[in-house]
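Have a look at this one.
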């Protein structure tokens, strides 16, 4: 028995990083369930593949770097990254897409920089963008919502499609993606972009079945579920409220301005909110504290910037959805924003003489 | 007016000199270890590139073309750039000795910064008029400055990161630049000129 | 003919630009290089001469002229890093010819043994030794820079360098070094 | 101003950024009354219990002291005295582990309690109005009162300020969890506290007096409201409970909405803050003439059976308090015992640490209630930049960025991020999900920055001295050249003409030759002559000089002969050593033996019996000589001192190496020089006293400025100490005396010096808070 020296403070609120990570993972579950309900097993399988790859990759890298494996392997950060990649990928993307993306995310985007806490770019989004640029074909194999699909899609069918490219009955991905009316399905955002480029108005475009009754079949509910999860996270103070709020606000304003100026070729504000990866990005990706801005003001600015970028890329850019790019671009500017948004320290007011 | 604005946006973001066209990588890697230095370098480069593209336009249009000696373009451009850089160097040395020292060899090296010559030559190739030349030069340098300053802020943050030894220093900076380039791919197709 | 014109034109441009630069060089003339002063301010001013120069200022001058930056033993890694920052070069490890231990020290005269030869007084670069011929000498600890230049001249070896003891004033919050009491 | 008063009247206050709500755990102790403790067997009283300087010792080992008797005396405004907490006998004055996070040792007085608890004579004062402000301030200073809330800033300095005071804020917030010492003090002694506040009111005459108290102490609020009922000026301000509302700057911000500019003191805004316990101590000191000898300490934590507030005498060892409260650490592998609260306290390395003036809590947590106190830094994982630390920081810093820079030792960046404004409150580390000991990183960085600044100052000074020396050498060189030139001319002239000057020069040369001869002669017969000259009190300097020369030569000789000596000799010598009664002799012998051993190891032993014989002979000779010389030296010095004590011309008597011509602060330098000289002198004196225990007269005669008693003290304490340490101890004691003397010499300097010191103390206090 001995006297024990420790530095003050001696007590602690007993929170830990891994519990924080777990909370974020749990908060994403409603969204995943919604995704499963509307789009079938595809993304769940991808999440599974990604998680296994992530854990293996994390284990190998950690042992190469001679780190405390037991603690860092289970801190939940790798699982969270894997989960985000799995959610984002098109449901029919081949399995190796997930594997490559996850390895890139874990090994290069995260561990080359020193692991958790040091990575300047969000690993999941870095992996996703890398895939998007390198494998454009595979990355656009979006699956239409189950309700719009011609072919019955079971778990085993999805599984074989992901691993072999064909269902058990021998349907190819292309066939699967063909909808009832014989058109290859794309995401609502993609559809919108293509038709506007072809000179159609928004109201004409939204006649298409992918848009459904409200904004986009399935997507709106998935986004709503993520929104709920996000609000839960904010209420638990696991994420800062500034980034999602300013991001959504900025996206809302941009689309409102666009809609007011040219209503014919601009989608509604709510369409922007409830399609694509808006809510996932707002609450689960942009709020990643490691890669975001640290000060409250900085977070607001990052959110505004992200909203603007998402809108610009969606409306003017070459890609249908801009969340992943916007996240990376925000990650890039976050350190600079941080440098210029430091809060005023107590006793450093200018009017104090 | 809109055309000029679009040209500016296109040169700053879509066809960013550093991250998309991969010009001017030497100072991009060299003077990005501190934000302060990077900002100084940015101003110097903005000045040099804008003035150089202006002067090179004048030289081409009013000397080389009338006199039919276009084959001396590169040479005359180098002359113009060298003078502007020298001038800038003197001014910087006078006004901010510490910045002068921090920029070190990279200040005179603006002369050989391919971005500067690149701007002049690309102006020529795209048949830009007087204002377009200036905007193109300015836009290119602003794009260069933007990513340089961002990159320097990131590198300051990275300085404290626990990067594995083989990747320390330039290696991780290169990887970061690559990932930034990846992110800038998002601007593809943003402006169609 | 075109060749001639080309030469003429280029000559003219060159002359014009030359004149511009010439004017600028006068207009924006920089007088002295303040870098020596800045380096000197970084150096610890022990005036110990371990760098091979007779004092800190000469070494600062030498560094400005391209001497290696890693020769200041009393300053240690900190000083090297600062000079490296200032000069815009990579920091190097301390020159190996110096001993590693650069904890702060002060000279101490074992007063019983002092014979009052004043040799150390002459050696001290900062006049931190007090005494007179045939009188016992003593070190003004507050002024001593720990350069150990007085150790060698002492004929009776009565000067030793002592590490400055740790007090509550200069304690650096090293909790691990605190010995704890064992209780049973 | 008006709005502030309005808001105070409405009990509507401001708030500060951030803050946390750690579990309060105050119910462990706040229901039980303050328990008076029985007297412990031994008290350990550190000489310094506050920020500033330690006072000069007034007592010595063996003295019997009465309760309340001052043990030290302050000569410096920044020093406050300590008093005997009870009557007893002083058994030792030595270094012991003090109540400081470093666990380092400092000088402490060990007092064996005689259980009589006899007071010194006290003169209670019934009416404060009869005292002048100066008298009150002096009484506060003499009572040894320093701030009892945090850092322990000497109170008499804080209350002796001139400018108009808008607010006197009494800090009763006690925001740290677990601690209820102030709470109970307010419940039980609210009248005395208000008396203390009245005294402060008389001294400072502030526009308003605000008592800031957190709303988790309803009883104390009640008691204070009752006690202050009739007084218009005093407002009891109940503020919401939030850590760290009790921080000086935070409480000011809550109560007045004002921010104190970084690097300045609240007094600049016309605000002064005092702790409630300090108010109590002031009223005790003024009204009952009771110095600060005890305080309320919360002894708490779930490792205790009976956690309770106790009246602990200053100097009570922690183990006594713990045992009185039923400390049960059976089955615990690690025992964290924390002095102070769980947020800002420090863990103790041993349980012999005494209670001091700033100790408000002793906390012994169980593993269950405070697991992180047992973990240390082992739970630290990577920072994920979540920013929770920045959300809770009361000074609105960016703890996370500070942490990166602190780890990278990027001090300029830390300064840019205002690390110096951190108050060490620990809120950031409390919430950090990665369990990073942020505060510890900052403290290390702060200490290193402070050290660096000191080094820079020192470097600047060294540079100035170096330049001054260079100039002086240059001047001397020129002067010498000039002299040589003159001499050469004179010689030339002398050669040419056989003038009287020439003969004079010749005679001078002859004299020099003679002197050399005499010296040589002295060399040969030095053993006898110096031995004789020592006991006989010769007044001539020459003998002294001779003796010294002889000593040097003897030493050199010894050295030379020691060279070929084999190791056995050294051993023999060492054997002889203990038989020597004179410690001085023994020491010299030891030194010689050491030198000999060293030399013999270096050189191959060329042995011969004759050589051996000769060697031992000269050894004993050298011993004797050295001894005699030392005595002679000491005496001569003492004499010199006696003769030159009345004026300060001592400095000019000795040739001082350092010339202060180019120094701007000439006075200060002089003072310092004088101090060193005095030190040397005092040392010689002390030695003499020690050696010839009889002559008190000499010392009395010699000490005009220095009290004879003190000199005796010095010599006596040093004799009881280990002989190996003697020189060290002597030097220190001498330094104290010398300091006193230097002060007398530079009285003018004192004022300015103390002012600057005060400033630094203020800064330190701030840092500590």
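Going by the order they are written in, the chains are A, B, C and D; count residues from 1 in each one.
To be clear about the criterion, contacts are C-beta pairs under 8 Å (C-beta built on N, C-alpha and C of every residue); 3 or more make two chains touch, one makes a residue touch a chain.
Keep in mind it's a predicted model, so treat the numbers as computed, not measured.
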| query | Where are there more C-beta contacts: C-D or A-C? | reply | C-D
| query | chain C to chain D: how many Å between their CA centres? | reply | 31
| task | Find the geometric centre of each of chain A and chain C from their Cα atoms only, then give the gap between the two centres in Å, rounded to an integer. | result | 54
| message | Distance between chain B and chain D based on Cα centroids, please, to the nearest Å. | response | 60
| task | Mind pulling the residue numbers of chain A that touch at least two other chains? | result | 1-7, 115, 118, 338
| note | Expected list for chain B, residues touching two or more other chains, is 157, 162
| note | In chain D, the residues touching two or more other chains are 103, 329, 335, 349-351, 382, 440, 443
| request: Name the graph shape formed by the protein chains and their touching pairs; answer line, ring, star, complete or other. | output: complete
| Residue ranges of chain D in contact with chain C within the complex | 98, 100-104, 106, 329, 335, 349-352, 440, 443-444, 447-448, 451-452, 455, 458-463, 465-466, 468-469, 545, 548-549, 551-552, 555-556, 559, 587-588, 591, 595, 630, 633, 654-659, 672-673, 676-677, 679-680, 683, 727
| request: Can you check the complex and tell me which residues of chain C touch chain A? | output: 175-176, 178, 180-184
| remark: Within the complex, chain C is touched by chain A residues 1-7
| Inside the complex, what are the residues of chain A that reach chain B? | 65, 108-109, 111-115, 118, 120-121, 126, 129-130, 133, 309, 312-313, 316-319, 322, 324-326, 328-329, 331-333, 335-336, 338-339
| field | Complex contacts: residues of chain C adjacent to chain D | value | 40, 43-47, 55-56, 78, 104, 110-113, 115-118, 121, 124-136, 138, 140, 142-143, 145, 155-157, 166-168, 170-175, 178-181, 183
